[in-house]
Structures are given as structure tokens and as C-alpha cells.
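Below you'll find a set of structures to go through.
First chain A sits with chain B, and in the next complex the same chain sits with chain C.
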Partner chain A sequence: MAIETATLNAVQRAPGVWRQSWYRFRRNRAGMLGLGLVTLVVVVALIAPFVAPFEPTDQSAMLRGAARRPPDAIHWLGTDRNGYDVFSRLLYGARTALLVGLGAMTIASLIGVIIGGIAGYAGGMTDELLMRFAEFFMVIPVFIVILAVVRLFGIVVVGTWMEDIPNLNLLTIIVLLGCFEWPPIARMARAEFLRLRNAEFVEAAVCIGTPRRDILVRHILPNALPSLIVLVALGIGGAILAETMVSFLGFGDPKAVSWGQSLYFNYEALKVAPWAVLAPGGALFCTVLGFNLLADGLTDAFNPRLRQ
Partner chain B sequence: MGTARYITRRLIFAVCLIWGVSVILFAMINAIGNPIEILLAERPGITDEIIESVTKYYGLDGSVTDRYFTWLWAIVRLDFGTSIIYNLPVSEMLVIYGMETLKIQIPGIVIALFVSVMISVLAATRQYSKVDFGVIAGAMVGHSLPGFLLGIILILIFSYWLGILPSYGAYSTRNPVMGSEVIDGLWHMVLPVSMLVFFNTATLTLLLRSSLVDVLRQDFITAARASGLPERRVVFGHALRNAFIPVLTYLGILFGLMLGTAPVTETVFTWPGLGALYIMAIQQLDYPLIMGATMIITVMLVTATLLTDIAYVVIDPRIRLG
Partner chain C sequence: MTAPLLEVEDLDVHFPVFRGPLRRRAGTVRAVDGVSLRVMPGETLALVGESGCGKSTLGRAVLRLQEPSGGQVRFEGQDLLHLGKRDLKAARRRMRMVFQDPHASLNPRLRAAEIIGEAFTIHGCTRAERDAGVAELLTLVGLGPDFAQRFPHEFSGGQRQRLGIARALALHPSFVVCDEPVSALDVSVQAQIVNLLMELQERLGLSYLFISHDLHLVEFIADRVAVMYLGRIVETAPAAALFAGPLHPYTRALLAASPSIDPDRRAADAVIEGELPSPLNPPSGCAFHPRCPHATDQCRAEMPPLAALATGHDVRCWHAADWMAAAPARAEALG
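For the complex of A and B:
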């Protein structure tokens, strides 16, 4: 008996699903590139206040008559038509972008997992109704509806207590994106809960009298996570893109320093100051590409059999 | 469940969907109160009587439910009311601007389909070769490059630096290109259509290539090859046909995506289409126009989804309906 235990301890524990996935992910060059890009954006967002050469609200270049100047030693990426330093705004924009992406996907994941989880675990009529509800949100022109809601909500709040919330407009966009982007997560959560509901380890948990809440949260949900994480990574990129497009059309938060705002303010001056448009555009592209590649790499890492 | 019953069910769902959007829209617009008051408030010479009479003119007096059903009944008869800002019938405006939108979006999808078939065949028949990896990498990058950024880059290169293509509008205001209105119109379409083609090609190629790779591995392809068919017929005749099924279902989604982001595309190119009209309408709070444009975009989108759903079951009898 003692010997057996000793042997068991000596044998290295088999790597878990997360570690195995990481081994596979590490070999995927495109996925690692995506991870690198995403890490870069996160680092930039964290250190922006310490490395940005100018304040994001500094328009002093305007007074010196140095607006719309091409890149030089002081303004690394030039100045835009409002006299802002393009490089500094680019760095600060990463914060807004990540805030939007993470905020929207947190809301979307919560709604999606709850609705999808209930549908998958309960089944029957509940399942049918909830999935039709999700399909409704998938077919309607989400972007068009968001534009209208952002604009109309901006009028509703005038004169109410909500007017005093800082960056209310940005918050509205984040909440709206979250409320409209959950259906893919709900569908995936449903499929996973449906698959795992009858798994042997779940039956075992039921047999030993585990409360239903623990079965759902501690046994089924962790096993559904890999598929959901892929969708969340994709969704973060999508939400950042959506916020940029809303801002680009002029319905964004005028007080927020976001890439979309820079695009909106500088698009008219594209001919004279292309750098002020290309810089935030390039940042957006790198971020979206990063999250797309990351999601792709994660799909391969979690489901090695899908790989071709 | 038979095909007919499936189609009926999808049709009923589509109608419910359009109705649902109309309810949301109407509720939202009513949440902000009387639009006439907001539009006319604090303008000189506006008295309460004027506001009242204008409100009556646009049929905005009466209870919410009354107004909703009046509006719904009008919509069913394709009467979207009169635009407040432009004082034109909304239905007429939607047709004119809608045609401009379709004018760039339909070529955008059709050309992209042809191009992506060619590229995908090239890549899938040489799986894991340099060409294949190049195509995958290119498609992945193209798929991640937001369409409107590509549009901006195209304008910068071809309009501002090279100065050969117009950067905005669908027609020249004076002096049409080469003295012909038709050529002028086509010339203006080049940039927006190129942008849409590029974006759609990238997305379609990603899908079609992997689908084609899957199909080329199957037994019936080996059988076709063994029977001595020329490779060209195996690929284009047998494989492509089957590889196309997932692409077909995606076409509806792609069309919806393009239509949904039309406001962005049309802002970049200052294109006088439905998306640009929609932006103007919500900026200026032109209610009949907002409602009309949203309804028409929803109907187009739902129709596209419905058609692909139906095409799916008609083409592939293996699909289990449910």
C-alpha cells in the first residue's frame, strides 16, 4: 500500500486540459502573433499615462499654429486638426478600446451564459422560447438599432439625474453592445450545457447529492468555458470595432479619448493630415486582428481534432 | 417535418421579427416624448398653437396605442408618411436611396463570389503549399481589416495621391467623366465596390477554402478521379458544388452585415444611399424617415436570411429540418 502511494506520487500528474491547450497554442504561430498583439494593446493601455508625451486633452499645438503637422521629433505621429498629439491620443485610446471590449463582453457573457445555460439544462419549451428570442437578436440589424438608441437616449437623459454621470454616452454604448452581442454566446452555452447535462461526471455528481446550483456552476460551467472563451475573444474585437464605427459616425462620446473619435474628427482633413486618420485606424486594425488571431488559435488549441 | 411546413414556419417567424422591430422602434421613439416639441422648441416665433397644429398635422396626437396601430396600418399599405425635414414622401426617398445602396452592394457580393471561388480553388487544390498559406494569411488579414478603414486607404491612394478616381458621391455635379452619365456613374462606383469586394472576398475565401478542403477529401471525389474525369471537372463540377453549401448560407449573413454597416460605408464615400439617409435622419430626428428606413432595412435583411434558409433546405436534402 505504502509503495503504491509512493509510486503514484513519483509519477508526474498528467497535464490538465488548460496546460495541454497551452502546449498546443504555443506551437500555433498565428495564435501567438494574436496573443502578442493583444498583450501589446493591454500593456499600452496600462502604461499610457506614464509614457504618453502629451496629455490627451492638450491642444496647445493649436495655439502655436502647429496643428495638422506631419510627424516629427516632438510629435511622433504628428498633430491633428484640433492640435492634439496623435501619438498620445493613440496610447490613451487603447484604454477606451479595452474598456469597451471587456465591458461589453462581460455583460454579453453574463446574459448569454444565463440564458443559454437555462435553455440547455431545462430543455423543452423553455429552450425553444429562449432560442427564438436569441435568434430575434441575431437577425435584426443590430448596428442600425444601436445608432438610433444611442442618439435617442442622449435626448431622453437631458434634464434627468443621469446627465451627471461622467461618460454616460460611452457607458450607453457599452451596455447596448453587451445587450445585443449575447446571442452567439447563448447558443454556444446552450449547446455545451446540453452536451454536458448527461455526461457521466455530472450523473456522478447528481448521485452523491450535489445541489443543482453547484452542478451548474462548478461542474458544467468550467467544462463549457473553453468554447465560450473563444467567442468572448472574438466578441471583444467585434465590440471595439462597433464602438469605433459608432464614434466614427459622430454618435460617440465627445469626452472620451477613443480611436473612433479621432477618426470622426480627422476624417474631413484626410487629405491634409492623413497621419491623424491612419494612426488610430492602424491601432484599431492591429487590435481587431489580434483578437481574431487569438480566437482562431484558441479554437485550434481547445479542439485539436478540428484542425486541418 | 416537410419542406413546405418548414418554409411556412420560417415565414411566420420572419413576419413576427419584423413586427417585433416595429414595436421596439415605436416604443423607443415615443419614450422621448413629442418629437415636434423637441424639434421646434426654443425657436423664435413658435407658439403653443403652432406646435399643437403641427403635431396634429403629423398625426401625433392621441394615445400611443392608437398612433401605433394607425402607423402600422399605414406601413402595411407601404405609406411611410412624409419626411419632416425634406417634406417628401418617405417611401419615394427610400426607393431612390435604396437603389443607390443596392447599386454598390450587389456588385460587391457578386464579384466577390467569383473572385473567392477562383482563389479558394487555387488554395484548396494545393493544400499546405506556400500559395495556400499565403491565401489563408491574406484572407485572415483582409477579414480583420475593417471595411471602412480599407475605404479610407483606397480614397487616400486613388483619389488624393494618384488623383484618378473620385472620392465622394455617386455622380459628378458638373462635367461627367468622358461626357457620359453612365460612365460617370460607373466610375464613381469603382472605389466603394472595390472596398466591398475586398472585404467580402476575404471572408468568403476563408469559408470556401476550408469547406473545399473538406470536400476534396471525401470518397466521392476519389471515386470521380478514379473514373478518369479530368481534374478540372472534379474540382469545379463535383467538389465546388458541395463546398458551396455553407457559403450559400453565409451569403445572407454577409448581405445583412453589409446592409447593417451601410451607414459607415456610405459616410466614408459620401454615397447617397440608405445608410447615409439613415444617419441624416437620426441626426436631425426626422421620425418618419428613421422608422421608414429602419423598417425597410429590417425587411431586406430578414428577406435575405429567409431566402438563404430556404435555399439551404432546397439544395441540401441531407439537412434535418427542425
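For the complex of A and C:
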């Protein structure tokens, strides 16, 4: 018996919930594809400055009269009508996309978990008020707000110290997306906190005298995380898409290298230089698809019962 | 006579019920209604009753996991219901609970050592004290320190319940509420856990409030038994007296309903019919009268008091004295 236990311990070092989920996730082909795509985007974003053949702001092709050139040995994906190297801007665009996605969802998760957590744990009137507040945010058309605020804010800051902040427009978009994408997370957090507040192990923790902070952070939050992570992964894709749309409408950050911006600059030349539109469009497609597949795979991995 | 460890007086736990779109108060569920009981140091008091009668709510209210709506709970001389945050935390060192479902009552994200060690950390022990305590407790409940780094899902049901018991015993409490601690386990494992609980009681001088619906188990483990019906105690007696001569018709029916291999035990009482009435709208008079074969007009009109018929034997029935008088005759007839 003793030997048996010893070998058992040596062979499997107690797989936790995360590791078990990973085992399940690994068997999910779509999820693994999503993970692969997301990894690819992250790697590209990290190594962009080292592998990009041109600076993203390099318009020298224009001077050489080499704008709108189809792909060749120098410009792997051709050049667009401004003389930018499409491939380099594609690589740098991954950084912006990830920055927007992660930034917006970090803000959204913080707000969402705090508000939803309080609502679910406190219950009663607090819950009611906070959830009505969340619904108020859900019915506001995010897009119009972003367009209005970006434009107005761009005018307001002229002449103040804020003008010197690099990529202020992009930051505005990120913050606004974060401030409007939190209600779904808050709803999920509320549901999970509500469910776990009455779980027996939480009661057991109360029984031994655990302070409320520990109950929330140590007992409830870790058990609520899986569902929240799925929403966040889904939200990253959504945020990237939203930023692209804003940029495509011409309200993006002129200084940022974003895929939406490239689409906005080049969509009129779709017939003349399709590569300049297809490349960022394809990259966007892969990224958003990647995050969505990842989220889908995570759902299955964390909640295997849903599948049955 | 020593002072009781736990003294519950007139404890009420009422839940308001709201209905309709305007959330109007539609009534009150009296889950626990004017319950009084005492637990002596080192004693096991069993709380028996069918599901929904409020026995778990009572157990939770005693530990203030559920705020009571009225009454008094005195534990080790302190008035539990009026303790400040800090004093309550100190009191929680001395009273614990073992839960029914060993799957739901252990946090799946924490390892065994973390689950047991939490109490040590909260109550300001050093890391060394905690580690020593965890190892000691794991050995005490028959698991051994090798299991410290495992997650709950790696344990079997019985082992998990041992883990739950170890958690409840951290920092040496004097009083443990066992809320149907074995009813979720296999019969073969039940015996092990019950033996463990009794062995621990002997070694550590624990007092138990043992909530159960298994009468055989109660007969085996309890010193005294309290029978609950619809939020009230209908009979309290020393275990031997209760099982030998139950006086309340409900207790008799319960005993008759539980299968026995002892032919003398097969009481002639009819098995009770019908459902437990809704605690939202309890019957007038004696709560048991709609199901009682011996109900009279007095039973329908007035609630009987919990009257002492023998030392330590209290019954809430108008006709208890008659049953008492009839008991020896019945015993003769049966025996």
C-alpha cells in the first residue's frame, strides 16, 4: 500500500484543475487551431521590429515611383498607394491589434469582475442597482460614442499637455472599448459569485472564520475564473474587430499602424492593388477567428459537461 | 452538574417569502420555530426528523452560518448572537461543522494541506505550526501526511469526508455540528466514518450535534435524541429511553417506518400517511395533527407544550401521559 502510494505520487504530481482542463483542451482540434493562430499573432507582434524588412512609416517606395507594386522580392506583399511596405505594416499591425484587444479586455474584466462580483455576493438592492447600471451600458451604442468621443477629444486636447501623449487616440479607443465591453463580464461574474456564494465549501470557510476578503479572493474568484476567461478571450477578438471598424471609418489613430487603417487607406484601390487590402484583411480574419476558436475550445475544456 | 456547552433557547429562523411582480410579502416560512436545546460537554445530541423539518437550518443557525431571527444561543457562556466580528471569529475556533456532501464542501482549487491549513493561517499561527498541525490532523483522521499535496478530486468519497473532518478539527474545537455526515457515503464507508467520529470524540472530548435521518445510526452514536417536526422539537429523550419507549406519535411512526431486524421492535403503529405540511402555512394546534392517527379536537385547536414526563424526557403531545401509562402494558403485550 505504502509503495503503491509512493509510486503514484512520483508518476503523477497531482494534476490541478488547470492541468486537467489543458488535457481536455489538447484533444479539441478547433481549440488547438485557435491557440495556434493566437500564438502566431503574439509571436509576430513580439518579433515584428526584428523581422520587418521596412519601417512601418517608410514611404520611400513612393519616391521611387514604386507605390501600388504587386508582391516581389523586395516587397514580399507589395506596396500600397502610400508607398508603405504591406508586409511590414502587416507585422506591426499585430502589435496594435493585441494592444487594443488585451488593453480593452483588461479594463473590461477589472470593471466587470468588481461590479459583477459585488452584485452577486451582496445580492438584494445592491445587485439590482448594479445590474440595471450594467444594462444601461449595454443599450448605449458603443460605436457612436467612440466616434463622437474620439473626434471631440482630439479637438479638446489640442494645446494641453495631453497632446504629447503618444497614440492618444488609440488609448482613447482602448479605454472606451474597455468601458463599454464590461457588462457581459459583469453578468457572468455576478452569476458565478451568486452560485458560489452559497456553495458548501464557502460555507465551510465561513465556519472556520475566514474573513470576507479571503472568501472572495481565495474561494470564490478562482472557481469563477474559467467562465470569465472564456468571455475575455471572446471579447479580445471583438475588441480588435471594433477598433478595426473605427479605424476603417477614418476615426482611428493616424499615428498607429493598424489593420483597419490600412483597409481605410486602400479600399478605394481594391481593384488596382488588391494585395494592400487582402493582406491586412486576412490577418484580421485569422486573429479574430483564432480568439473565437480559442474561446470555444476553452469553454469545452472548462465545462466538459456542456458537451455531453 | 456541569454547565452546558451549548444552550439554545427559543431559537427562531424565519424566512420571509415574497411573491408577485411587486415582491409583496406573502408569508413567512418558519423553518425553525422556538427551539430550545442543550448540549453538554462530551455529549452527542442527535437531531432527527424527515427532510424539510428544519434540522439542517437549526444546525446552521447555531453556528451563525444562518442568521437566526430570534432567540438565544449561548456557547461556552458567550451569547453567540450578539458577538462582535472579532469575538465571533474567536468563537469560530471552538465550533465547527462537518458537511453532508464531501464533494461540494471542499474547494476544488485547493490542495488538502491548504484546505486543512486555512484555519491555522486565519487564526494567526506560524507556518511551522500550520504544517505540523496539518500533518497531525491528517494522521488523526487516518489519511496520513502523504496526502497533503493532493486535490480533493483525487480522494474517494470516504477520504474526502475524512478531509472534511480534519478541517473541522483544526485548532481543537469543542463543539462540532455534523450535518448528515455519512448520508452521502456508501454503507461500507459510513461505518468507518461513524467509528472515526466516535473515536475522535473520545480522544478529544468533543461534543456533537449530530443531524441525521438514519435512526439506527442515531441509536448507535447518540447520547440524547431530539426529534424535530415542522420546525419544532416534539420529543427529547436519552437515546436508550427514546428507542425503548417513544412517546410522541410522530416518533413512534418514525421508528415504525424504519426497517428493523428485531421483531420486538416492529411497532403496531400505523405508518404515517401524507406529506409534511408546508411550513409556510402550518396546521393549527399541534403541527402533527393532520397525520396523527390519535388526533382529537384539542390537538386541532391548541399547540401542546413541550412537557417533561420523565427526567430528561420531554414530549410535545396532549396525550403523552396516556402513552406513558400504556407503555408498560404494550411492552408486556409485545414481549
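FYI, the second predicted complex is superposed on the first by the 293 of 308 C-alpha atoms of A that agree within 3 Å, B and C clash if a C-alpha of one lies under 4 Å from a C-alpha of the other, contacts with A are read in each partner's own complex, and residues count from 1 in each chain.
In the analysis below, a contact is a pair of C-beta atoms (placed from the backbone, for glycine too) under 8 Å apart; a residue touches a chain by one contact, two chains touch by 3 or more.
Here the structure is a predicted model, which means the values were calculated and not measured.
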Between chain B and chain C, which makes contact with more of the residues in chain A? B
Could you say whether A:V142 touches chain B, chain C, both of them, or neither, answering first, second, both or neither? first
Who does A:V156 touch here: chain B (first), chain C (second), both, or neither? first
For A:A66, using the defined touch cut-off, is the partner it touches chain B, chain C, both, or neither? Pick first, second, both or neither. neither
For A:K271, select first, second, both or neither according to whether it touches chain B, chain C, the two together, or no partner. first
Mind working out whether A:P211 is in touch with chain B, chain C, both or neither, as first, second, both or neither? second
Which partner does A:D296 contact after superposing on A: first (chain B), second (chain C), both, neither? first
Looking at the overlay, what does A:L249 touch: chain B (first), chain C (second), both, or neither? first
Chain B and chain C footprints on chain A meet at residues none
Going by the contact rule at the top, pick out the chain A residues touching chain C in the complex. 5-6, 9, 13-17, 199-201, 203-211, 214, 218-219, 222-223
Spell out the residues on chain B that touch chain A in their complex, using ranges where they run on. 13, 17, 20-21, 24-25, 28-29, 31-32, 38, 137, 140-141, 143-146, 148-149, 152-153, 155-156, 160, 210, 213-214, 256, 259-261, 263-264, 267-268, 278-279, 282-283, 285, 290, 294, 297-298, 301-302, 305
Which bits of chain A are touching chain B when the two form their complex? 30, 132, 135-136, 139-145, 147-149, 151-152, 155-156, 237, 241, 244-245, 248-251, 267, 270-271, 274, 277-278, 281, 284-285, 288-289, 292-293, 296, 308
Per the contact definition, I'd like the list of chain C residues that touch chain A in the complex. 60, 63, 65, 88-89, 92-93, 96-97, 99-101, 104-111, 118-119, 122-123, 146, 149-151, 154, 164, 167-168, 170
